[in-house]
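Can you read through this structure? Questions will come right after.
Each chain carries a letter (A, B, C, D and E) given by its place in the written order, and its residues are counted from 1.
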Amino acid sequence: MADRDTGVEKIEIGDGAAIPVPEDRGLLSAWWIALCGTIGLLIVLPLVKPDPYADILRFVPDGILVTFEVTIASISLALVVGLITGLGRISSNRFFNLLASLYVEVVRGIPLLVQLFYIYFALGRFVRVPDIVAAVIAMAFCYGAYMGEVFRAGIKSIDFGQTEASLSLGFNHRQTMMYGILPQAWRTILPPVGNEFIALLKDTSLVSILAVSDILRRGREYASESFNYFETYTMIALIYLLITLVLSRLISTMEHRLSHYERR
Amino acid sequence: ATDATWPPMEFVNARKQIVGYSIDYMKAAGREAGFRPVFKNTAWDGIFAGLASGKYDAICSSVSITEKRKKAMDFSEPYYTVRQALIVGRTSHARSLADLKGKKVGGQIGTTGYFAIKAAEGVIPKSYDEIGLAMEDLNVGRIDAVVCDDPVAANYALLKYKDTLKIASVIKTGQVEQYGIAVRKGNTGVLDLVNRGIRAVKAKGIDQELKKKWIGQ
Amino acid sequence: MNDADPIIRIQNISKYFGTFLALDKVSLEVRIGEKVVVLGPSGSGKSTLLRAINRLETIQSGTIIVDGHDLYAPGEDINRIRMELGMVFQSFNLFRHKTVLENLTLAPIRLKKMAPDQAAAVAMALLDKVGMADKAGSYPVQLSGGQQQRVAIARALAMEPKIMLFDEPTSALDPEMIGEVLDVMVDLARDGMTMVVVTHEMGFAREVADRVVFMDAGAIVEEAPPEVFFDNPRHARTRKFLQQIL
Amino acid sequence: MADRDTGVEKIEIGDGAAIPVPEDRGLLSAWWIALCGTIGLLIVLPLVKPDPYADILRFVPDGILVTFEVTIASISLALVVGLITGLGRISSNRFFNLLASLYVEVVRGIPLLVQLFYIYFALGRFVRVPDIVAAVIAMAFCYGAYMGEVFRAGIKSIDFGQTEASLSLGFNHRQTMMYGILPQAWRTILPPVGNEFIALLKDTSLVSILAVSDILRRGREYASESFNYFETYTMIALIYLLITLVLSRLISTMEHRLSHYERR
Amino acid sequence: MNDADPIIRIQNISKYFGTFLALDKVSLEVRIGEKVVVLGPSGSGKSTLLRAINRLETIQSGTIIVDGHDLYAPGEDINRIRMELGMVFQSFNLFRHKTVLENLTLAPIRLKKMAPDQAAAVAMALLDKVGMADKAGSYPVQLSGGQQQRVAIARALAMEPKIMLFDEPTSALDPEMIGEVLDVMVDLARDGMTMVVVTHEMGFAREVADRVVFMDAGAIVEEAPPEVFFDNPRHARTRKFLQQIL
């Protein structure tokens, strides 16, 4: 996110699920309806029409596991990359700064799917890694750039006085970042990180193209054998929806918890 | 490696096992020659790149032996002879690719079937990640025909979509097209092993049993 | 080094912000136990001078020697020197995510490797001294400005600095809270702490200062004991300033 | 974007390319370097190694056209869907409001790729549309939800006094929206719309999976025949990068133009 | 309908915000050409009353009849009635994306289907009247608050309303601009416009008002000509208010 100073209120729409908050009542009731509807369909469809719906439900669970594995591994790596990138983007060292900016600019300019293919095949040339690892590296490489911007904005949102106070106590720059700034920045960073987490979870569906057996891959396999495309994708969509709905709620709860020290 | 989206040659069954004619063939060859193949599901799109980079030792995925491919990798002795079949809707009158000028014809990306479509004059080629997607599109009428290997074509047109699709013809490409196991160029160790297995399978007639089991011939 | 030796020795320092000259060949010495109050109009360079003493601002020429260490000598560890210099800011700058107690113990534990319970004991004693012991478990946002500033002073003291620097410690406070902070500072002065204080509180300057330094346009214009400074200023600029402010 | 009122500065990272602004110098020089590097590589590589690089450049241009067609058609449709959704989300009619919220919540919860498959196959069952149309409908359906949130935020950012003034002159609600609010909201909306445009352009790479012959599909076809995976994806990535870099700059310029009436 | 007939007839209206009673059985009549000034402490319901007259606030009981039209009668087109009621807000609310001229011509062109050049001619005449003709091409942000308010008055007049409602038109202005806006309003009053004005400008009330209405806690406490109201108020509440304000 570039800091634009145009004097207009800025709108930025993350690409995670909408995280419901008490203030937005329309969205909150929509959240509840969506959740109940999703769970309802996931229960009713297999009962009413076990073939194929119950079959599909039996077929995909290990895909859910893979999706979570890829998501968690990718986001962890992306957080590390993002932290380094974010620090680079605010660094006064011109070289690191430019390097980080360039990374961000290039990664944001190329579709994730192209990056996935590229890293998958390019990596394959030089090192021999399992495809799931290649997929994780590719996801983290891409999301690292977005995380970098999140960290940068988060760190910049912390009053510079905190840095000065920390330095004047005798902490060096690294310690200041670690004990003084990042623990506070975390709070500003958590909502967008949660957002990116959900976005990443959704984007892991792309690794199915690399034949990683995630939810979508399992669905495609089932569909290509049974030809129940419509039914299969219905269930796949419902499963994703359930996961993101629950996660988005968890994140909004966590966010609330994390800000305990700002309450009077 | 295998792209298990190609029934009945290789696909994922309801118990998530990779099964099919090619798979059983390799298992039998392994038994005969003393190796145990481990199958790895891989997207067709990158299957050759993966072989070149050493992600796996061989491709057993209904790979037709072509001159162009021979330049990039080595092949075992052929283990199956295929023809390219043209599948069309039940009510279509098309008999050959020549009848489909200006029409859309689909195939799987990077397959000999797709190359045949591209070679045909006047036909609009469409490439799919999986043959099943092409079949579904044909089924709903987004495209007018699909070209693929005949056992696969038979599987779709005669079993899964028997009410809507039919095999119009077998395309004459001029040369005999055969499946082989692809290995990395110069990897003679694996190649010899595989060849030994294939020879033994043929000698014992196991291939005929497998054909009955999977293809029904 | 005896009590009369300068613990801070600033010689001929200049500081530019871009092309703007913020400190113009300033020299100043502060002896152990001495209390120096820096006065001057807004923008005269008071904060810059104070911040230069612990290198929160880097200078372009001149030398600063604190407790025998040249701030700009290669090999000198600026973080060690900063531990000897406690600093109190106008805007308190307490760590918002730490409780009052944690604010005091963080640096001793991390930097002096003090045992956590020992650090807590020291911290409680200091909080007691500034009258904030009952708020040890609170977070900064839960405190008034005056309370926060008292905690900030205690936090600086927790590192057992040899010198305390104050940059307008009371200007961000509502009038009713200024007194409680000044009281803490007066106590500190009585305990013999070496102090350099930028402030607009003339009462405090009169009562506590050993010496008043008056700055204008980046330079020190006049230096004198408070009696002389307030009642008998030498420079026209000083007199004008005092007229405006009193 | 839910209106969260947590008192913390909010970070939201759009998923378009970073749009360079004069204030962010690191990013601006990164933009220039990325642009020059991209153009340089696109020229030098085919010259130095015509086979395969020049071949690839000859192979993909019609894919670029398709990518643009899909992008422009999708964003146009998404804007319409988004406007309706946005109006629904701020509507005081509980039913429309809930419907719009539900649409937003569900669409955001399901990966685009799954939606693409789903709409593609589901549509195929009921109506016979060309695949490119199906792809556009799917993209617009998904992006419409994001656009809805953009419109909502944009409309809400306009002072309510403008509405009251318009009503008091005798305009009805529709006219008020049309003459008074939307023309102003457009200005707040443009940056995120630009952002979504670029994000959508990148996401059109997903339609390659539905056998739409966009840039990526063309590249994959070339690679699968020539086995030059690495080289092909390099060129594909560079082409996308060039497009998004240029677009992001165009958008930031346009944004500047549009705010003429706020300049004193 | 002769000049003495009420053009606004408010009978027994009540308005709740949730459970809070903002208007408590208020009745008020305004005759053609009459100028009514509404006074009262903050939160007394003055704005709510004014906004109820053109249904920017909906009421829960009672009736409002404007120029013979019942605001709540089924089949009545509220937008037609609003065209007869010009409204001026405290915060001007000019269309920020339109020039001054466009602000004046938008409604006549769109709602009265006036030809653009005729609308522009009318608009220029009105801008001339409020002394803003030279700013016809400017955007609102380029104007001072007082200038914006004068344009806002002209914009309301462009629809040729029978009644003008003013809600504290000068309270958002710097003191030096209040006069220029009041002058425009005085001129308007002289031209015979029917006006209902909420304001704290007592001078204006004395000079222009035919009648002063004093509200407190959602009810009308006192109604009187300005001479009586200011010099001889009947109610204790009124006296207290006047003491505070004068």
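Criterion: a contact is a pair of C-beta atoms (placed from the backbone, for glycine too) under 8 Å apart; a residue touches a chain by one contact, two chains touch by 3 or more.
Only a predicted model underlies this, so the values are computations on that prediction, with no experimental measurement involved.
Chemist: Enter the minimum step count from subunit A to subunit B; a value of 1 means the two chains touch.
Modeler: 1
Chemist: Would you identify the groups of chains that remain joined by contact if subunit D were left out?
Modeler: A, B, C | E, once subunit D is excluded.
Chemist: Which chain pair shows the largest tally of C-beta contacts?
Modeler: Highest contact count among chain pairs: A-D.
Chemist: So the centre of each chain is just the mean of its C-alpha atoms; given that, what is the distance between subunit A and subunit C in Å?
Modeler: 46
Chemist: Measuring from the mean C-alpha position of subunit A to the mean C-alpha position of subunit E, what distance in angstrom results?
Modeler: Taking the average C-alpha coordinate of subunit A and of subunit E, the gap between them is 53 Å.
Chemist: Where the CA atoms of subunit A average out and where those of subunit D average out, how many Å apart are those spots?
Modeler: Distance between chain centres: 19 Å.
Chemist: Name the residues of subunit D that each touch 2 or more other chains.
Modeler: Correct list: 121, 125, 187, 209, 220, 229, 262.
Chemist: Among all residues of subunit C, which ones touch two or more of the remaining chains?
Modeler: Residues: none.
Chemist: Going through subunit B residue by residue, note those that touch at least 2 other chains and give them in order.
Modeler: Expected reply: 45-46, 49, 52, 129, 133, 136.
Chemist: What pairs of chains are touching here?
Modeler: By the stated definition, chains touch in these pairs: A-B, A-C, A-D, B-D, D-E.
Chemist: Okay, in this complex, where on subunit B does subunit D touch?
Modeler: Against subunit D, subunit B makes touches at 44-46, 48-49, 52, 68, 72, 106, 109-110, 115, 126-129, 133-134, 136-137, 140-142.
Chemist: For subunit A, which residues are in contact with subunit C within the complex?
Modeler: Interface residues on the subunit A side: 159, 161-162, 164-172, 175, 179-180, 183-184, 187, 261-264.
Chemist: Which of the residues in subunit A end up touching subunit B in this complex?
Modeler: Those residues of subunit A that touch subunit B are 55, 59, 62, 117, 120-121, 124-125, 128, 130-131, 209-211, 213, 218, 220-227, 229.
Chemist: State the interface residues of subunit C toward subunit A in the complex, per the touch definition above.
Modeler: Spelled out, the residues of subunit C in touch with subunit A are 54, 56, 79-80, 82-83, 85-87, 89, 91-98, 106-107, 110-111, 139, 141-142, 152, 155-156, 159.
Chemist: For subunit A, which residues count as touching subunit D in their complex?
Modeler: Touch list, subunit A to subunit D: 1-21, 23-24, 26-27, 29-31, 33-34, 89, 97-98, 100-102, 104-106, 108-115, 117-118, 121-122, 125, 146, 149-150, 153-154, 157, 187-189, 191-192, 195-196, 199, 202-203, 205-206, 208-209, 216, 220, 229-230, 233-234, 236-237, 240-241, 244-245, 248, 255, 259, 262.
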